[in-house]
Amino acid sequence: MEKAQIIETIAKRVAKELNKGDVVNLGIGLPTFVANYVDAEMQIIFQSENGFVGLGPAAEKGEENADIVNAGGLPVTILPGGAFFDSSLSFSIIRGGHVDKTVLGALQVDEQGNLANWMIPGKMVPGMGGAMDLVVGAKKVIVAMEHSAKGKPKILKKCTLPLTAASEVDMIITEMAVIEVTADGLVLTELGPETTVEDVIAVTEAELIISDALK
Amino acid sequence: MVEIIGLQEAAEMVSDGASVMIGGFIGVGGPNSIIEALIENNVKDLTIISNDTVTPDLGIGKLVVNKQIKKAIVTHIGTNPETGRQMNAGELEIELVPQGTLAERIRAGGAGLGGVLTKAGLKTPVEEGKRKLDINGQDYLLEMPLKADIALLKASKADKAGNLYYNGATRNFNPVMATAAELVIAEVDEIVEIGEINPNDVMTPGIFVNFIVKGGR
Amino acid sequence: MEKAQIIETIAKRVAKELNKGDVVNLGIGLPTFVANYVDAEMQIIFQSENGFVGLGPAAEKGEENADIVNAGGLPVTILPGGAFFDSSLSFSIIRGGHVDKTVLGALQVDEQGNLANWMIPGKMVPGMGGAMDLVVGAKKVIVAMEHSAKGKPKILKKCTLPLTAASEVDMIITEMAVIEVTADGLVLTELGPETTVEDVIAVTEAELIISDALK
Amino acid sequence: MVEIIGLQEAAEMVSDGASVMIGGFIGVGGPNSIIEALIENNVKDLTIISNDTVTPDLGIGKLVVNKQIKKAIVTHIGTNPETGRQMNAGELEIELVPQGTLAERIRAGGAGLGGVLTKAGLKTPVEEGKRKLDINGQDYLLEMPLKADIALLKASKADKAGNLYYNGATRNFNPVMATAAELVIAEVDEIVEIGEINPNDVMTPGIFVNFIVKGGR
């Protein structure tokens, strides 16, 4: 798959997980694209952890407002009915369980639903930003990422990188698979377009339980 | 997704035995019209979390007089002699909480924090039965988060997205309570169209609010 | 002294303790009168713990705004430059040390600066309201009260009533005396009008250290 | 009592070695004009408390490039590669804090609370060296309050009583930082007369603010 097609496949599938009226926080990068596949009737409310709900599309060229940016610092818009607030209320919303779904990228996820997505020691230490609060606080945590890093598994038996949070991931959505994190382990519930179970297993280190209802 | 409902409909969401946060400060900024409907319904055994029990002729005060409250977690009962009488007679359980501690306990409940560390109440009856922590040589009381089944708020204005705006001193406990209950109902003086409250000036974002009710002033 | 004169004597003396620009919280009852003896040049900012700074005089008859009341529930005004907020910020201001002086009444005060002013077990239990936070949080705690309860001392060796806070009172101002709470004990620094040291001692249970600079 | 001062005057209040809270989120809502003056002054060894270190060409990012910072307590440094380089070279100490925890630690510092009890950071490197509390069977990290010598804020509007109003997403860490420093200086786009900001809409009451400075947008 082309990069653009991978993103589209993942983002479209994540969008199906959102329910009418959900409050949703989308991480920077790939998760941002999810908003493109959510129609207005769904009344999804996107939260931007730098301080508002009602996050709308990127601002049109020439229409940027320097005071309205997303958590990546990019000029965006606020939709009618939205509201601005400070960081303290923003994270009361996040930590307090008022975000229904958070969608984040990952470097590694494992069989226990552990997530590593904020540093590679000695190499890259961007910092956790709001990720640790989001993963701990949101009602449902969806990891949205490419299934492997150029063939190297990212879905592992056990994360080797420093964790973002332990046992908080509920679902993993990649271009190849939809995987649910359960008490019994990782359950493969859905295959991506033109993908076989064998294809998935080949690039997954973690043990996968194949769902009876595999789609 | 916010729905506009009537006073009776709002009152019916409060069941016998429910825990209910109620905004207001001696009734100012309190959902006094919804409370009138609660009195008509005569729901019983409520656990009330609020600043005070108002006066016998208004809001929560009337719930006390009508004996609908089993327990009240409050900071002050001096404005309602009937509360003191029921407490002394063993008819009503009262948990007295310092006002700043009450605000923080509710906020902690809404913000996913494990508790509140405060000096208020140290070496007073408030500390009885509570854990104390030594933090860098200073004592702090550990006070527990508060949550409730329902929060009944009062706002001056709501837009149809449920965003709330409070005038003057009516804000008090309403914004923290909005964050700490399973179900949030706001009685408002005025319902306006989306866009009529500037997103900068929203005091309680609509995501916290489930229902709005047009109340009488 | 007449009641009105007692109040005036105490309130006037408390007012002298306030410095230009102070943020001050006045308790209900006698302390409220302090505001009458503070002139505008002092730029004192009164805080009302129910949710604002810039507390002004009581509202004129017919000019009451039902939404603007003080912590006693009475209709008041807000001065230009004031600001409303919620209870959470109100007590961040109080607990966080942003109130320069709090002035409260007392049932009992003692040699250690302990204060009891919120309940008489079995008799009167109004509750502490904001008093415990105020006494713990304000930079300076001034007790303003009648010196004795009909001749019965209120300034004791040790409070017998349940405390509002321990060792937080800095100063006691009555119609008969100004007393500072120090590490050595209570220091009598000033006498009220037509009052002698003997008069004060007669209605004070606590040991008093007479200041060399007694006025 | 608030005073209006100039940018240079503001910058001179920041001494070598000071701890400085700086509002803003990747520079948006940051006191970027005051920071320009700090760069001219070339004060050294600052401890910065902020959300991030912006980009190398703006605000805090320029302080990093100019090597004026000894330590930074932040949530994210990914937008400024120079921060990472100095950290790896041992030239700059970085304490990484989850964003919600940073907001609460600052708030706790300003609100007189003994600490913050949060689940964010449990079983991650964030918990190293910290006290953990079991509260009703759940683990929480105890995170310490933060205070600073100076807070440098950015607001959209100030009135002459120091009341601040923030537009859009510029609010972020500014209101909590206003409560947690010995000295608070706000850079603002616009200074208006008292009365031009409705007392209901004030976001940071003037009692928290010592100085206001008219900054460039």
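First chain written, first letter: the chains are A, B, C and D, and each begins at residue 1.
Just so it is clear, a residue touches a chain if its C-beta (ideal position, glycine included) is under 8 Å from a C-beta of that chain, and two chains touch if they have at least 3 such contacts.
Values in this document were obtained by computation on a predicted structure and should not be read as measured data.
Any chain that touches chain A and also touches chain D is listed here: B. Centroids of chain A and chain C (each the mean of its C-alpha atoms) stand 55 Å apart. Work out the mean CA point of chain B and of chain D, and you get 32 Å between them.
Inter-chain spacing, taken between the CA centroids of chain A and chain B, is 35 Å. Looking at chain C, residues 52, 78, 84-85, 91, 95, 136-137 sit in touch with two or more other chains. The residues of chain D that reach two or more other chains are 104, 107, 111-113, 118-119, 166-168, 199-200, listed in rising order. Per the contact rule defined earlier, chains pair up in contact as A-B, A-D, B-C, B-D, C-D. Of all residues in chain D, those touching chain B in their complex are 104, 108, 111-119, 133, 135-136, 138, 140, 142, 144, 165-168, 199-201.
Listed in rising order, the residues of chain B touching chain C in the complex are 25-29, 51-52, 74-79, 84, 87-88, 94, 96, 98-104, 107, 118-126, 156, 166-176, 203, 217. The touching residues of chain A, when paired with chain B in their complex, are 20-21, 23, 43, 45, 47, 52-54, 78, 80-85, 89, 91-93, 95-98, 136-137. On the chain A side of its complex with chain D, the touching residues are 48-52, 65-69, 71-73, 78, 84-88, 90-91, 94-95, 119, 122, 124-133, 136-137, 162-166. Within the complex, the chain D residues that touch chain C are 1, 107, 109-113, 159-161, 163, 179-180, 194-195, 199-200, 202, 205-208.
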